[in-house]
Amino acid sequence: MAKSTAKRTARKPAVGLIMGSQSDWATMRHAAETLEALGVPFEARIISAHRTPKRMMSYAAAARGRGLKVIIAGAGGAAHLPGMTASMTPLPVLGVPVESAALKGQDSLLSIVQMPAGIPVGTLAIGRAGAVNAGLLAASIVGLGDVKIMAALERWRARQTDAVAKAPSDEVATPHR
Amino acid sequence: MAKSTAKRTARKPAVGLIMGSQSDWATMRHAAETLEALGVPFEARIISAHRTPKRMMSYAAAARGRGLKVIIAGAGGAAHLPGMTASMTPLPVLGVPVESAALKGQDSLLSIVQMPAGIPVGTLAIGRAGAVNAGLLAASIVGLGDVKIMAALERWRARQTDAVAKAPSDEVATPHR
Amino acid sequence: MAKSTAKRTARKPAVGLIMGSQSDWATMRHAAETLEALGVPFEARIISAHRTPKRMMSYAAAARGRGLKVIIAGAGGAAHLPGMTASMTPLPVLGVPVESAALKGQDSLLSIVQMPAGIPVGTLAIGRAGAVNAGLLAASIVGLGDVKIMAALERWRARQTDAVAKAPSDEVATPHR
Amino acid sequence: MAKSTAKRTARKPAVGLIMGSQSDWATMRHAAETLEALGVPFEARIISAHRTPKRMMSYAAAARGRGLKVIIAGAGGAAHLPGMTASMTPLPVLGVPVESAALKGQDSLLSIVQMPAGIPVGTLAIGRAGAVNAGLLAASIVGLGDVKIMAALERWRARQTDAVAKAPSDEVATPHR
Amino acid sequence: MAKSTAKRTARKPAVGLIMGSQSDWATMRHAAETLEALGVPFEARIISAHRTPKRMMSYAAAARGRGLKVIIAGAGGAAHLPGMTASMTPLPVLGVPVESAALKGQDSLLSIVQMPAGIPVGTLAIGRAGAVNAGLLAASIVGLGDVKIMAALERWRARQTDAVAKAPSDEVATPHR
Amino acid sequence: MAKSTAKRTARKPAVGLIMGSQSDWATMRHAAETLEALGVPFEARIISAHRTPKRMMSYAAAARGRGLKVIIAGAGGAAHLPGMTASMTPLPVLGVPVESAALKGQDSLLSIVQMPAGIPVGTLAIGRAGAVNAGLLAASIVGLGDVKIMAALERWRARQTDAVAKAPSDEVATPHR
Amino acid sequence: MAKSTAKRTARKPAVGLIMGSQSDWATMRHAAETLEALGVPFEARIISAHRTPKRMMSYAAAARGRGLKVIIAGAGGAAHLPGMTASMTPLPVLGVPVESAALKGQDSLLSIVQMPAGIPVGTLAIGRAGAVNAGLLAASIVGLGDVKIMAALERWRARQTDAVAKAPSDEVATPHR
Amino acid sequence: MAKSTAKRTARKPAVGLIMGSQSDWATMRHAAETLEALGVPFEARIISAHRTPKRMMSYAAAARGRGLKVIIAGAGGAAHLPGMTASMTPLPVLGVPVESAALKGQDSLLSIVQMPAGIPVGTLAIGRAGAVNAGLLAASIVGLGDVKIMAALERWRARQTDAVAKAPSDEVATPHR
């Protein structure tokens, strides 16, 4: 990804990509890259539930009015950003559990997915895979009302299918999971 | 909920509510009731990834063409229904981990949420809370293109907020979590 | 405990005892009873991080000005109330993980205790024991500036020590842990 | 193992060794090497439940007709390949949980082993040990109808027993577990 | 199941169904019933790795010579029966983790599945589902050399598929998972 | 067990059986019964690490001088009694994790077994099985210097072996694990 | 932090910062640095519950008389220092679970937080975050009776809020969590 | 430790130190060093429950007759060596869970500690700490009948207590836990 990923395009964003700290960007940039690859306009922001609660409230409260369709929120440890954002907007909120140092994201996962009845967060896998998938799921939601994005998603999925080799190779460097 | 919840209305369904077995209905009916309360048309089906794999494939492959917008899939144990459905449709798929006998849904949760990069499932909480929230999240996704549903969702949320008492009461029977 | 525990005394409260829902009262009343036994004035409120986020913000923001010294917050599942309250007040916040249905409070515990550096929550044990201990810890904090409460706490602890029998008895009905 | 392990012999394969991605080969090659050492003909294929569901269905449906006796399936995370393959063939299916990045294969293990009643997967240990053992178990199953393979397996086991030293040595480099 | 299930038929057994104690029979009888339904001759024995280690050794050492093809071993807690049996016979051994009192079979599962490289145990799910599936997997292994059993297995699977209802019903009593 | 189990015999005790509270007696009485069956003289005491720390120190410091050979300590939750006792006596200390309400003894187990290098606690299983086994292990330690006790232990083990039935029975009421 | 952090200032300490071993200092120094940054006088001591139980008792028993207001105790594995200290002083005790080698602090966390009703420990997160937060929470407790410290805490929190960037940057080196 | 640790002295061994494989020696040598430091004669052997079951049986059956007093058994993963050895000797058996690759010794711990009622294993901590402590606990058991060893143990413990520094130091290299 080029340096410019963090600074987003002129098109009005459909997806708000928020995260608890700069350190989460190493994970969440995979969501950004995926959205970019699918042509989904987005904005990326650092919003800490704990260190900037007012910024979180303003962002969540204004999100729908600003035209956002989906919010992707990534956080680690006692990860409150996705659930608290969901409590303040009727937009769909997707949560990405960032891998934490000691508990490897088990705390992040449970803090995000185990929301009580009434306020949902659509939760993805811990870490990079979850960030990529948050981008894909956001695209499929936005794509319900945008045939170009849905078509891009289908091309992306077809390419993914075609890229699976028939048999394992001893020569290929093992990619990271 | 009246007996008729399992048999759905004449309106074309926007949400496909599928589950691995009849025993999952005790959990998933809470998704049905929520969709019903919000006026989101849906259909409910039993589709077992393991016992009826062909039914699953047909359902997933046809879902978008039939006009479905979102699929909610509930399953327990080694729960493959949400992920496999997601592998065969570009529609957003939401997963509900049904509480399992021995491991209390920990197996269900990990089998659904830990999808590899490429095929997302938006996962909700284990059990009843997750089923209710799958209904709410589906409504918010469908509501992006349907102002009536979005309005119903906002009213539902406002009523929920208003229903929270100021102080705990010794007289109130404790509702189940 | 008499019915009147939930409605508190005329003395200005030193401790704010808040919880996410009426169902948490079955656990949190043990904190109330402990504070009452030690003569610590308190108020009990239902404040849901997810269903009443604005109420939570108002409460947390006003707490110090209203003369509260300590806040005890109990919640279950993806329990965000203690951490979010702590993000909006410099007062000490104590968290009680309420036992959840499927994961038995493991989710509640991690959601409360694994706070990132910057915003602390002093976390107690899951369930009744944690609620009792939140009351005791709040009393010891308030007691640092109130010799009567510290004396009451020491008497309570001495009585507790004296109440431990020398040897186990087959006749005694086993109390619940 | 020589480079040629991934490309298999001319003999008709008795074991189908499938895995979700090239990255799983680092683990699953230990199954291949074990089968090779025991003279069990096999084929190795990449088949992703999520990225290539149709390839999976074709492979599973054709397996018995093509003369395969056993299928070994390795996958990580929300690992659906073993269970889904088992849902489409009456052949014995053995599952190898590949170690995942964040949860160290706990998700892989539960996703494979916790199959509901009706569709079995014989599950081995997480990682390399499981892959070796899948090869051994497949050999013992094939060996029930092939005395040469059963004899080879018994020789392999006898050599293994003989190779255990009497006492630990400070000089020996510690082999990886 | 009739009382006579525990006392087996005159046909020479192909499957040895062993368990650590009488208390495991409540789980393991589901394996017995499944084998019976598929026409697989078997014998059922109590063999405790810890309380009757010599019986275990004799049984395992003699198993192949007596004509057994597969051993199913069920045990709970620190469950050593499956692995120790596998260490003394080249026959395929399948393990069923019986649900334990405190840890709900998590100890049983890890004690059975995490075998070191060299001695495999094909492990099934915790509890009843695992017992049923051990019966099915044993049948598919025996069926590789017995067309009648393989045909019975296929009919069983077809009936299972046909038995899945199209839609959930409010009238049906929820069966246990 | 007769009511008199908690009040012990005139013989000088060889084993000190201590526990954190009266509620632990339901578990620890199984240790008492086992010691009684083997003729090992013992005393039973309630000693709470947290509520009676001074009693714990006195007991541990005096234990060896009073002629005790082994201490069995049972406790639940954040179970500090076994480890703290071991820190104040060179006698062998055995720990029994009592099953806790929310975490089912996982907290008790880790709090007892994960002692740092320098102060050992020989830990048994969670709950009743662990209590029985603490009695047996204490007997085998005391038996190293008392042939009568070692002989009683061997008879007990032989009877246990003889009591294992050959085959499971549908008629036998399932004993609890 | 300068080398002099471990040797403390002339002002009478308000916080006793104790830890089980020198190796815990790598974690607990973050508590020291936080207290230092907020102007809270403290002392740092090594006190091992298991290796120096008498030192622990003396320290805990004398703490209040010496003018300490709060004790912060850090330990790993079967971490008994926080709970045992709390059993011998009415002062508020805060516990920091130090990350352990094998179980990554899960044992430390449960050994500290799961205290039985009667003796509370206010527990913070595993590792560095918990140590920083123990410092902050101690400051807020001491600050209830010291307006300078409360003011320092509020400035610290305001600076923390101001330091959160608006958007993630590809240029910034990712700080450790 | 000198190279000669693995080859033991002429004195008749009181402790049998056995382990499942050469790779366990990296952990178990800490038990050997501890026994050596305390003057407890021992022998070290590799005995694999799974790869050399007959060697295990012979060793366990002969242990008491050969004059051994205690057996220390270390193993990892599905660790059956301690429990199986205990099933074949009335001597006290101590188990050391060796840290496993994927699950970090959680499988080893549960496989060793969760023994059913009837056959005890005194279990120590995972890894190095557990190995050191197995040596100490064996010494305290042997020391009950050997005043020289008990005296050596007491000196060792006193030195350990004396070696704890008063305060943490920034200069000291952090020792590994």
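In order of appearance the chains are A, B, C, D, E, F, G and H, and numbering begins at 1 in each one.
We take it that a contact is a pair of C-beta atoms (placed from the backbone, for glycine too) under 8 Å apart; a residue touches a chain by one contact, two chains touch by 3 or more.
Molecules present, by chain and UniProt name: A, B, C, D, E, F, G, H = N5-carboxyaminoimidazole ribonucleotide mutase.
These numbers come from a predicted model, not from an experiment.
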item	value
If a chain touches subunit E and subunit G alike, it appears here	F, H
Where subunit C and subunit D overlap in contact partners, by chain label	A, B
Degree value of the rotation bringing subunit E onto subunit F, based on Cα positions, nearest 5	90
Comparison of A-D and C-G by number of C-beta pairs in contact, larger one	C-G
Farthest chain relative to subunit F (centres taken as mean CA coordinates)	A
Centroid comparison with subunit B (C-alpha atoms), farthest chain	H
Euclidean distance of C-alpha centroids - subunit B vs subunit F, Å	49
Centroid spacing, where centroids are CA-atom means, of subunit C and subunit F in whole angstrom	35
Residues within subunit H bordering two or more other chains	21, 51, 76-78, 100, 103-104, 106, 113-116, 118-119, 125-126, 128-129, 160, 177
Pairwise chain contacts under the document criterion	A-B, A-C, A-D, A-G, B-C, B-D, B-E, C-F, C-G, D-E, D-H, E-F, E-H, F-G, F-H, G-H
Subunit D contact footprint on subunit A (complex, rising order)	99, 104-106, 125-129, 160-161, 163-172, 174-177
Subunit H-touching residues of subunit G, taken from the complex the two chains share	1, 3, 5-7, 19, 21-26, 28-29, 44-46, 48, 51-52, 55, 76-78, 100-104
Subunit A residues within the subunit B interface of the complex	30, 69, 90-92, 94, 109, 113-126, 128-129, 132-134, 136-137, 140-141, 143-145, 150, 153-154, 157, 160, 177
Residues on subunit H engaged by subunit E in the complex (per definition of touch)	20-21, 49-51, 53, 57, 76-78, 80, 83-84, 86-88, 100, 103, 106-107, 110-116, 118-119
